[in-house]
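Lettered A, B, C and D in written order, each chain numbered from 1.
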Amino acid sequence: MKKDVAVLGAGMTLFRRRLKETGKELSYLAAKQAMEEAGIQKDEIDMVVMGTAPDAFDGIHMKGENLLDGAAGANKPYVRVFNGGGTGVFAPIAGWWHVASGVADVCLVVCEEKMGSCYPHPQTAFRHIWDPILDRPLNPNLVWLFAMEMNRYMTVHNIKKEDIARIAVKNKRNAVGHPCAQLADPNITVDDVLNSEVMAWPVQRLDISPPSDGAAAIVYCSKDVVGKYTDDPIYVGGVGWNIDSTMWTNRDLYFPRYVALAAKMCYKMAGIHNPTKDIDFAEPYDPFDYKEAHHTEGLLLCKKGEAPLLTKEGVTARDGDLPICPSGGLLGVGNPIAATMGQKVCELYWQLAGKAGKRQIPGDPRVGVGQAWGDIMQMATVIALRRG
Amino acid sequence: MYEACNKAYVDAGIDPRKDVGSFITCAEDYWEGFSIFDEFVPDQIGALLRPCCTVCGDGLYGLGTAYMQIMTEVFDVVAVEAHSKVSDLLTYGDIVLHAFDPVYEKPVSGPVERPWYGGSPEYSEQDPKPLIGATDEKQRVHPYFLAGLEMQHYLKTTGTTEEQCASVVVKNKKNAYANPYADYELNIDVEDVMKSEYLFKPVKKYDIAPNVDGAICFVLADDKTAKDLGIEPIYLEGFGWCSETPWLSTRGFDALYAKKAARMAYKMAGITSPKKELDVIEVDDRFSYKELQHIEALGLAKPGEAGFMAENGDLEIKGELPTNPSGGSLGVGNSLEATGLQKALEIVTQLRGHAGKRQVPEVEKGLAQAWRGIPSGSGAVAVFGR
Amino acid sequence: MRMAEKKYEGYPKEAPGTHLRTSDIREKKVSYTWWEPEVQYAWSVGHAMSEFLKGLKQGKILGIHCKRCKRVITPPRSFCEYCYGPTDEWIELPDTGIIETYSISYLDPNANRIEEPILIGVIDIDGADEHHGFMHYFGEMSKDEIKIGMKVKAVWKPENEREGAITDIKYFKPLRGGE
Amino acid sequence: MTFGEKQTDPTAPTHWRGNMQADYLYPNGAAGDKFFQHLKNNDSFLACTCKKCNKTFCPPRLYCEDCFEEIPDNAWKEVSTTGTVRLFTIANLDAHGEKLENPKVMALIDIENTDGAILGTIDLVDLNKDYSGLKVRAVLRPLGQREGTIKDIIHWELV
């Protein structure tokens, strides 16, 4: 790439089912926090990138336009990018190309989601993500989609439900140290997950991350000016993104090949030749517990079908060999679609900078990978951050 | 979309499945009717299992994004697509209204309950729905009222007349005759426009660009790749984009977004006196006054001057500053997020000398400008050169 | 006026935001604005889907062939997403297939809890390429019987009730020996 | 023509009806809630001033959009419900493209002693009148019937 991109600061708001603040105000609270950590003012920001997922949640058409003043975008070049659930990592990728191309020196990335506006339940808006001709007449519920993918994954690899439930337990316990967390629970057990209400088998209530309101933000700058702000910068090592066919019923769902392709693109850019060795910790997207396993495999961090075993053996614990979702992930902290940048990218930064407080992973992590996944099980976005 | 993209790939002589590094679509969910439109993009633009994304902005934002992606030196070739399928929308007005601020603006337009199809859903006693003091309003005002407000402001502050705006309509609809892609060519005179009814005074029926369907695809490449492909390339020399505050409450209504975007684009393209250096321009004209307002914002005329230029024929194809030779949105139609690409396409066609009857003689540099439409205060500018 | 006064150890230093409970809304402790947008569409279905729906009305499942990739695709489309060329030949497929994956749902479409579960899944249609099919309901089988790889057959609505929609098939039933 | 064939059967389905309907409940926001709770019980508006930019927002904000500084509680004040018409238009169409039964005067009203403006309708419709610069006053719902939304302003009347 042309110019190295450094992360200067990050911020995020509380994640809850419904927050009092408007989308603009949430964006402001997250952006301001990131700017304070980075030590910059609004007039130092050259450009702003907004990442926010479906308009149908906030209930505002062209909601990027509506949110822009809260993201410090007033009277600035401002653009919104979007690819469903993948936005949480895609917006920071877009921010990366603003700086890496040399067009901007300092770029603010804000992600916001307000799922609570959709009344009575965001499920109403999720209904409109399906194909209108083939799927919507069957009145599908979003959970079905993931239940079907989970079932395929479990059946092909012959994985036990309890091995997957362990992931939910790990993440909800990890989230205990996170001030924004919605569903942290220090005492949760595998039995709690297995005995929770069956929504759409094999998906049970505690396998799912909750819909939330929230926002997150990060500040980037180019290597040329980084000396002005910090002596110990964290850099973006590589980025990758990839999309599969709209026709989700035309492919085998047991392995996310698009995640693997995005990961390869990212690793190539970051000079990661041996992912299992070179990567110190990861934040794969975990809206459902099986998704963490699915994506760990997609990120080439283990062999196909082996990810649940890693958790069983304690490898993915915060003090394990390969900590996964040390933030608590979506399962523990909450799932405000795009604003999950807070767990998937901000967390990488805080961990690498040694600022994660109670959630800090031991040792001396140098490379972390974050990933998000979106659209109708077809989009993968991957980012790698490194220290020094 | 497939047709437009295929044409672009054939024109560039490339195979999208092998040669294109990254794909960009410019779209908004509510224009399409899907909660996550990005899902429905990859197959038809050839992006299966490739880097592909959606930029929620006008097509020119897509070009800017492609430019940045190429400048990172990660990609050689990037495809940008934008489209409009506005004819699928049964409730266009209400969808545009849905973009207004929910707390301070939307409810002013009329009843908060669903006005047309099938009434409101039933909610239980506990639910918050039954608000006290419901109103007896039945209709919501069409969101284009905002153009009425802004045109009023433009006419007052610059002294431009409604007749001058009408001459823009006449010119653009006439230019559209020479454009095979245009849908709204019309042979009318200023008097016809002036006699058309006031819809949002002072905006008249003919002042508004009617909606149209279409898809446009651009292929951008770095210099070396383009030369290897053996094409005489048109260069994207500069671009800029900017957003104003979304609050009507504090907005200035003088196209500040276009001024700032132009400044950025001129700087990048090394343009110091735009009036002399630009040979042909395409500016956003979804309302007739917008063309004049944007010409002034781009620094090509002083405030109040553009109206006289329109009246004197300076903006015609053979005039001093040929503006919207394609027919603009008034002549071609308002193609939502594809508007910017339609304008960029015209500039590229002009620079290549392929514009046929509407060709502007001796063009070296051209500019395309787009606005994101009501109610936004965002827009982008791109400068092209041979 | 910022909500969070509390400072945390490590980052994020604070977690700003004010949690609203459903009761805060019901009891009108907080002010809010209600809005019901009117968002209606009539999407053009395109050529391939139009033929497919016409086929369903006639009680047929149609597929389409891509000669470059040697692939039979259903639901059909006008172009092949793998080679980006146009697809060529229409093929009538049998209305049988195997269960690619399924779910047993205790949620109805509006996220209400239900007693009798809905069986839903993806059917890999016979005659089309591997893993090519669509989503549909299953019937005439119990939740204990259903499994991946099971052979199933479409149960159609009577001809006069069919309207050219995916719901012209009522559900897929197990294809037992002899049928 | 890019495709090998096109639909020529006029009886084949060409369009599919559907919607993206959902209902929305927007919390008025941290600043908005304060503004509307005040309006519920008083016949005045609240405004707030950014000390750095010396700009007074009405409707009030949590932060200043120009300098991005937070606006503290002590920078809030009460202002009267009067203002002048900055911009106006006479709207004749409803959102469905049909004629409005009664044309509406939509106006952006600069609130007195602030730099902000509120969108509203003016009760008197005179097709030939130039409303700009005229003084107007908000007509509010009676106390006790206010619900804490912008609908509490019924319309604006000329003073």
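Assorted remarks:
One rule holds for everything that comes next: a residue touches a chain if its C-beta (ideal position, glycine included) is under 8 Å from a C-beta of that chain, and two chains touch if they have at least 3 such contacts.
For clarity, every value in this text was computed on a predicted model and none was experimentally measured.
In terms of the distance between Cα centroids, chain C is separated most widely from D.
Pairs B-D and A-D differ in how many C-beta pairs touch across them, and the larger number is found at B-D. With each centre defined as the average position of its C-alpha atoms, the distance from chain B to chain D rounds to 25 Å. If you average the Cα atoms of chain B and of chain C, the two centres end up 35 Å apart. One finds 40 Å separating the Cα centroids of chain C and chain D.
Shown for chain B are the residues in touch with two or more other chains, namely 2, 6, 29-30, 33-35, 42-43, 48, 88, 91, 94-98, 102-103, 107, 112, 114-116, 120, 127-129, 131, 245, 247.
For chain A, the set of residues touching two or more other chains reads 18-22, 56, 59, 69, 74-75, 116-117, 119-120, 124-125, 127-128, 132-133, 245, 247. Counting partner chains per residue, chain C shows two or more touched chains at residues 2-3, 18, 20, 25, 28, 30, 32-45, 53, 77-79, 81. Within the complex formed with chain A, the residues of chain B that make contact are 28-30, 33-36, 38-43, 47-57, 61, 64-65, 67-74, 95-96, 98-99, 101-103, 123, 127-128, 240-247, 256, 260-261, 264, 372, 375-378. By the touch criterion stated above, chain A contacts chain B in their complex at residues 1-2, 22, 53-56, 59-69, 73-84, 90, 94, 96-98, 100-103, 117, 119-120, 125-129, 131-132, 240-247, 257-258, 261-262, 265, 269, 374-376, 378-379.
For chain B in complex with chain D, the touching residues are 2-3, 6-7, 29-30, 33-35, 88, 91-94, 96-97, 102-105, 107-110, 112, 114-116, 120-121, 128-129, 131-133, 135, 138-145, 147-153, 156, 197-203, 245, 247-250, 253.
Residue ranges on chain C touching chain D, taken from their complex, read 1-3, 18, 20, 25, 28, 30-45, 47, 50-51, 53-54, 78-79, 86, 88, 164. For chain D in complex with chain A, the touching residues are 16, 18, 20-33, 62-63, 65-68, 70.
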